[in-house]
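Same chain, two partners: subunit A is paired with subunit B first, then with subunit C.
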Partner chain A sequence: MKPWFFVALFILAGAVITFAPLPVTAAAPARRTFRVEANQFAYAPAVLEVNPGDTVTIELVSTDVVHGMFLDGYGLSVTADPGQTTRMTFTANRSGSFRFRCNVTCGALHPFMVGKLQVGKNRWLWRAIGLTVLATLAILILPPNFPKAETG
Partner chain B sequence: MKRTELLSRILVITGILIVLAAPIAARAIGAQGVIEVHGRIAESGGWTPSTIRVQAGMPIHLRLTSDDVMHGFAIGQSDTPAVDVLPGQVTEITLTFDKPGTYAYYCTRWCGPNHWRMRGIIEVTGEEPVSPQVTTPPLYLMLNLDIDAPHPASVTLDRIPDAQYGEQFSALLPAAYLTPDYYRSHSPAQIYLDLRADPALVSLAGSDIWDLVAYIWLSNTTPEGLAEGQRLFAQNCAACHGETGGGNGVFSANITALAGKTPANFSDPAITLGASPALLQGKILRGGMGTGMPSWGPLFTDQQTWDLVGFLYTFQFK
Partner chain C sequence: MRSELTRFPLIKSLLKNRWPQMVVLFVMLAGFLFAILSGFIGTPVGNRNFGIIFVWIAWWAVLILVAVPLFGRGWCAVCPIPLPGEWLQRGAIMDPPMKKPRWFNLRWPNRLRNIWLQNLTFTLVALFSSVILTAPKVTAVVLAAMLFIAIGMSIIFERRTFCRYICPVGGFVGLYAQAAPLELRVKDRQICLACKDKPCYNGSAVGYGCPWDVFPGGLTKNTYCGLCMECLRTCPYDNIAINTRPFSADLSKPPIRMDEAFKAFIMLGAAMIYAGVFLGPWGTMKLAAYSVGSLAWFGYAAAFLAFIFGLLPALFLGAVGTGKALTKATTTLKKIFTAFATALVPLGLMFWVAFSMSFVLTNAAYILSSLSDPFGWGWNLFGTAAIPWQPYLTTLLLPLQTLTLIGGLLWTARTAQKVGSEVKVTPAPVILFSTLVTIFMLGLLL
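On to the complex of A and B.
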């Protein structure tokens, strides 16, 4: 009887980990402005973190040659010449992580000029870690010959 | 030989000749006026060909492409809008030059540290000999200005001179101060001294005189001219002189390292108020200064240089 109790417990815990709303409630939408410097062949900062619903303004400043920024998922793009800061403003209404990349051929390593926009926390990472820990516990706690032990 | 056989032989030979001659003729006719222009960053050679020769009045068809990064193409002193030149793509543009002469073409997109060196020449030859053009030399040469000499103005401003505010004293102002000739040949600091010494204006305080100086500047500009000056500044000057004219553009560190001088800081009253429009125009036209300042003479029209000069004073006046 005892192993079945554990199995039920693990299944319940697994369901909780997978579906429970995380205590980090969505922060109130805010206005965020990022100044992103583009220099061959990188963005600084290369990772932008925002909360879902934020109004995000990205100021693209090029410090060497003409660069661009195309934001995957949102389909937005801007081009910045040195001395001409350009801005793009959008509402981060799609959560997840999105790549942005240079869309102006700027030199030899242009294809590798990428950055990341992270909208919201990466919850599935934490849920996956929880499920992995749970599975490890299950292997350790349940008898090795389960479920045969129950019939025997 | 039968007559019919002779005829058929002639027919076959004519056919073969036509087939052979067609592509040669097509190339000779089709290639007329079509020029393929390749852009590369200045360090790897700039434009190929760097000199384009064309007849006046004959349309030329340019096929522009880039061998490395994004470039732009525009003709100096012309209204033809700039086009982008991208690697892997061909931008086609048709130009007709009516007047014989020498034109500059240049890159309009920052493609590398020596972007502004990427220039070429279009030589337009005409049927009639080029009439010796009666061009007036730029004002700084007529005035014998030494545009390399330092021109500090020892001025103290209580606040930003306001042209709108200065307008209320304009009734007192003798008309001679409002002429373009006077405005262009005197720095704001000189105008201030002239106005201060003028008996018609003794009743005014120092800050009111400065407002009048701003008024003289504004009456010699137009809103469209200032907007054009702002556009030219953002596109061509802001990378070194800064978007707000502070001499701190994104390349200023490179320039200071190479030349030992920072780009001119237009937000400094000592620099901007000590420079007359003629002096600023001279610097824009000639460039140099040992700082890598490009020469804009072949690229800007006379009006564009004055628009740009007028805009430079917006860093001091409002």
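On to the complex of A and C.
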């Protein structure tokens, strides 16, 4: 078979892996509350898992200095003084993996104080792994000198 | 596919004339000294200090996202670190004086004419990076140490021995410069062979001999050419050219040496460890990396070294050995190992690009505020000191990182195929190894 046929096939497969809707495990939206302790330079728990549509409340408690939380993708933020609890409530209407970061300078490793909010499955990671495997297959199946062999 | 840039008179005169380069070097040196000063006298809060923000965010972003991928050793052409030492060594700032070197001018020992010392200095910086990246005083000490070591080496040894054999940045810039679409080469090798005085290497009244101890007539790779443009100035036959070329042109010319092969592992492994420590949610790892001297830090350091110098090379050796066994090749395993390590250059570079995207985009907001208040003393020079922190383009980050990593994998796989055809060994196990480490990196970043 012509290599260009495989190229078309790989492009099509890549588009399917990237954009195809994946089966959704239907879970009724629920109220989820997390008590997140912040201290230099980590959140505990550091990974929060919710379902799409859940109403999420994060109670941020700082146990040492002033800390904050900025949630990527949602653009929400909150700060907590030592020993005090502040709350952030939102509907998890965007699926995927989102980092949350301290937004108040809290010490040396402040720029690296991060946690992760997982809304539903980390589909992007699985799609990326699928694309990686597809890229490997493509490189192994297509001739090493493609496309020069075709044009030359 | 190659196109000579120096055929354009404007570009050629800009590169041959010392003034444009010197102006840039002076600006860089001023910025470098200011970064050291701000580290020592400015606020100890890293993200409010010019030294930390401009070295580890602004400079790093330009270096790894633009300069190295596109211009190879272009940064080395304007790096201020060797400058004061070089002035002392030469006894001149601009044109070369017609007199002998005024210091010891010793040759660098033959046994050390490799990049093992650069591997060591980079590894040391990497082991202490949590502190270096975040503590202004420590950054200032490291930068000042580099400056003074460069000065000391310029006094004792000939040429730029610091850049060539010690600089922790120069080692990986040289490795990745092989992939860049820019090169300095001679136009006609026969002219160099017939040239008696070799002013490109020995110097002349119009320029210095190659500071990087390279004979341009023998250049086949970018690794050790610092793009300082001295040979362009000294060649009496107008035989030096700056060319654009396809990406990774040097990578089809294996083998590399074992010290260069290990540089590839160090860079690949360090990018993965950094992605986990700095961008991951694991606070224990961050604290261990930061608590220098503690038991946890020794554990971190041991894991770091074991991963980079043990696990990664061992897995790669297994892949290479499998390829050799499948092909029943007669070439030695060492030769195949170093040859295939070339293929890891694009993958490592793209790992660093993907890691740096995240690191830079989330911290770039500090650049504007520290411009207005470089010492963190409450100044507001340009009215930007109060700009609030916020991460930029985080919605684009995951797709960009995914494309970068997969692009790096494809690039590496193609390089492995070229290497495979040279050494007559199937590249499939090396491609599989590269696929697995790419998936691991995706897991850390996404």
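One rule holds for everything that comes next: the second predicted complex is superposed on the first by the 98 of 152 C-alpha atoms of A that agree within 3 Å, B and C clash if a C-alpha of one lies under 4 Å from a C-alpha of the other, contacts with A are read in each partner's own complex, and residues count from 1 in each chain.
Following the convention adopted for this analysis, a contact is a pair of C-beta atoms (placed from the backbone, for glycine too) under 8 Å apart; a residue touches a chain by one contact, two chains touch by 3 or more.
What you are looking at is a predicted structure, and each value in this text was computed from that prediction instead of being measured.
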Is A:66 in contact with subunit B, with subunit C, with both, or with neither (first, second, both, neither)? first
Just checking: does A:13 make contact with subunit B only, subunit C only, both, or neither of them? Give me first, second, both or neither. neither
In the superposed model, which partner reaches more residues of subunit A, subunit B or subunit C? C
Return first, second, both or neither, reflecting whether A:128 touches subunit B, subunit C, both chains, or no partner chain. second
Just checking: does A:81 make contact with subunit B only, subunit C only, both, or neither of them? Give me first, second, both or neither. first
Is A:105 touching anything from subunit B or subunit C once the two structures are fitted on A? First, second, both or neither. both
Output check: A:116 vs subunit B and subunit C. Expected answer is one of first, second, both, neither. What do you get? second
Subunit A contact set shared between subunit B and subunit C covers 105, 110
Which of the residues in subunit B come into contact with subunit A in the complex? 66, 68-70, 86-87, 109-113, 115, 234-235, 237-240, 242-243, 249-251
Residue positions on subunit A within touch of subunit C in the complex are 41-44, 46-47, 70, 72-73, 96-97, 99, 101, 103, 105, 108-116, 122, 124-125, 128-129, 131-133, 135-136, 138-140, 144
Subunit A touches which residues of subunit C in the complex? 45-48, 130-131, 134-135, 277-284, 286-287, 290, 362-363, 389-391, 394-395, 398, 402, 405-406, 409-410, 413-414, 417-418, 420-421, 428, 431-432, 435, 438-439, 442-443, 446
Using the touch rule from the top, collect the residues of subunit A that touch subunit B in their complex. 61-66, 81-85, 104-107, 110
